[in-house]
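Two complexes come next, and they have one chain in common, chain A, joined by chain B in the first and chain C in the second.
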Partner chain A sequence: MNNLNIQETKYTPKIDLDFENNTVSIIGKSYPENTFEFYEPVIKWIEEYFNNTEKDTISINFEIIYFNSSSSKLFFDLFDLLEENNETNTIVINWIYDEENESALEAGEDFQEDFENLTINLVIK
Partner chain B sequence: MSANQNKLIAEIEELQEEFTKTTNKLIKDVKRQDKIMARSDKRQQQEYDELQKKLEEVNSLQKEIEETQKEVVFTMGAIGESRSKETGNHVKRVAQYSKILALYYGLPEQEAEMLKQASPMHDIGKVAIPDAILNKPGPFDEAEREIMNTHAQLGYDMLKMSKRPLLKMAATVAYEHHEKYNGTGYPNQLKGKEIHIYGRITALADVFDALGSNRCYKEAWDNERIFKMFKEERGEHFDPKLIDIFFEHLDEFLDIRESLKDTF
Partner chain C sequence: MNINEIQNLVERDGIVFLSYGGFLSQALISAMTEALEKEANENGIGLGMSNNIFTLFIELSQNMMNYSKSRDQNSAEVIPEGLILVSKDEKGNYYIQSQNIITLKDKDKIEPKLKEIQSLDKDGLKKRYRELRRSGKNTHEKGGGIGFYEIAKRCDNIKYNFKKINENKYYFHIKTMIYINKKEK
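Entry: the complex of A and B
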């Protein structure tokens, strides 16, 4: 399985999906023109990852400075996908936020609240 | 029969379970959407508030910059005046005359307002003229006159490096306010419309005010004498169109002179 790397743009984050190291990182701003289209390959990659891998530990790092509401919806969907695979894998999610970024913290708390079965760490940058 | 019935029930129960699952998912999704919306609304409000605050800051800074610029320009003009033999409200009157000349000449309001602010700097070059010449009580000899006349070039040199529109305008005013329409002025003997309109306007405003004011070394000219001179200098020293504007709106010029007259 190949790695997937997407460069950061003005409206979209830098994304690194690393198969060998079992890491996913999404860093930057997220307000793409078409959010679902933009993240489609990412979701596909993660689905494929879970299909291709034996029980493993995967760490997922989010460091989202700014996001629109469809990105927020997409992250919920992504967390759904993670939750579905939580029993067969060890999934560690790090939600990294700047201390002054209240909305980022609140979003992290929302995910914790909605996904009690997932390990979601709120990490101050 | 009973087996059939049981099968039906089992099917319905299966459907019921599916339905519950689906509706539960729908409820979860709707709740999630509501939450996303609420968060998004809150964020938008914060962002808008923040933007408004920043905009106010920018506006107030903008105003501060403009006020500072006006003040600096006005103060520079006053410094120039303090080095020349003009006193009192001369700078303010020249500013007002320049603005109405600009407006009647057809320049846009904003440009006329800028000229009002820039014109007081016309003599700024005099700060670089030696006191011995500047304060000489008697008439200048030729060498002294030549040095005195360098104030136009000096003023231009002081201001020409600026990229600020107002100071660039002031540079032009300083440079060209002693040019004469017939090409006999200084420093470059420009002729007619080779002289920038800012220079032509300030020339008239400056001379009109200087002639009509009392100075320690001369009495103010009376109006008739000034008007006669202006008519003679129409197309010579001054732009004929500006002289026509001057006489057409004479009342306004006299009103400004009256409202800003020197009180000593």
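Entry: the complex of A and C
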């Protein structure tokens, strides 16, 4: 399975999906015009990853500075996908935020509450 | 669009950081967001507050972009224009507002959401936001259906009005406020 790397733009984050190292990282701003289309390859890659691995430990790093509402919905769907695979894999999610960025912290806390079965660490940058 | 409308909006609210009237595209929205980032930086606005300003600006402007797009496909009457304004008053409160022309159908979609939002307190809003995000309802909409709820979460107060132009067309004006002193709410 190949890695997937997407370069950062002014309104989309830098995305690195690394198969060998079992890491996913999404860093930057997220307010694409067509959010669902933009993230489609990312969702596909993660689905394929879980189909290709047996019981693995994957770490996922989110560092989102700010985002639009459709990105919020998209991240929710992504967490949903992770939760579906949580029993057969060890998934560690790091929600990284700047101490001053209260809304990023609040977004992380909301995900913690919505996905109690997932390990979501709130990490100060 | 009537230039007086812009002037009225500007005069009421002190220092204007950004005002734009016209056609909206993603490239423009992103360029204006960058300009706002620069302003926020130069004015020493804290990260928490400035990110809320950016999010409000992005939601309102992408909303306008999407409403004009849906009309592109469904009607010969294309009005891909809107006004957007970011300003600050002498106390340091921030205002992000927009105005555009929408159809009656859009109004019937937007108005119940805004009415519901106005009836909720902060906790109720948070709960409703998460419910809607979970249910995936309205996901056929570009914004995932939670845009106005996102807006409400990020600001301290919302005012809106619909002004009838004719049977099928309305001016939709929405003003969001971020208070420097949260007690003012």
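Just so we're on the same page, the second predicted complex is superposed on the first by the 125 of 125 C-alpha atoms of A that agree within 3 Å, B and C clash if a C-alpha of one lies under 4 Å from a C-alpha of the other, contacts with A are read in each partner's own complex, and residues count from 1 in each chain.
By definition in this document, a contact is a pair of C-beta atoms (placed from the backbone, for glycine too) under 8 Å apart; a residue touches a chain by one contact, two chains touch by 3 or more.
Predicted model only: the values in this text are computed from it and were never measured.
Engineer: Both complexes share chain A, so when I overlay them there, do chain B and chain C fit or clash?
Structural biologist: Once chain A is superposed (C-alpha atoms), there is a clash between chain B and chain C.
Engineer: Does chain B (first) or chain C (second) touch A:S103, or do both, or does neither?
Structural biologist: Both partners, chain B and chain C.
Engineer: Once the shared chain is lined up, is A:D114 touching chain B (first), chain C (second), both, or neither of them?
Structural biologist: A:D114: touches chain B and chain C.
Engineer: Between chain B and chain C, which one contacts more residues of chain A in the superposed model?
Structural biologist: C
Engineer: Tell me which partner A:Y31 touches in the superposition: chain B (first), chain C (second), both or neither.
Structural biologist: second
Engineer: Would you sort A:K73 into first (chain B), second (chain C), both or neither based on which partner it touches?
Structural biologist: Both: A:K73 reaches chain B and chain C.
Engineer: What is the contact status of A:I15 with respect to chain B (first) and chain C (second): first, second, both, or neither?
Structural biologist: Touch status of A:I15: no partner.
Engineer: With both complexes overlaid on chain A, does A:I58 touch chain B (first), chain C (second), both or neither?
Structural biologist: A:I58: touches no partner chain.
Engineer: Which listed stretch of chain B (1-9, 37-45 or 199-207) steric-clashes with chain C in the superposition?
Structural biologist: Only 37-45 shows clashing C-alpha atoms.
Engineer: Under the contact rule defined above, give the chain A residues that sit at the interface with chain B and also at the interface with chain C.
Structural biologist: 68-69, 72-73, 76, 102-103, 110, 114
Engineer: Note which residues of chain A are touching chain B in the complex, please.
Structural biologist: My answer: residues 68-69, 72-73, 76, 102-103, 106-107, 110, 114.
Engineer: Where on chain C does chain A make contact in their complex?
Structural biologist: So the residues of chain C touching chain A come out as 26, 29-30, 33-34, 46-48, 51-52, 54-55, 58-59, 62, 65, 126, 130, 133-134, 136, 139, 142-147, 149-151, 153-154.
Engineer: Please output the residues of chain A touching chain C within their complex, sorted ascending.
Structural biologist: On the chain A side, the touching residues are 10-11, 31-35, 65-70, 72-74, 76-77, 98, 100-104, 110, 113-114.
Engineer: Going by the contact rule set out above, which residues of chain B touch chain A in the complex?
Structural biologist: Interface residues on chain B, with respect to chain A: 32-33, 35-37, 39-40, 42-43, 46.
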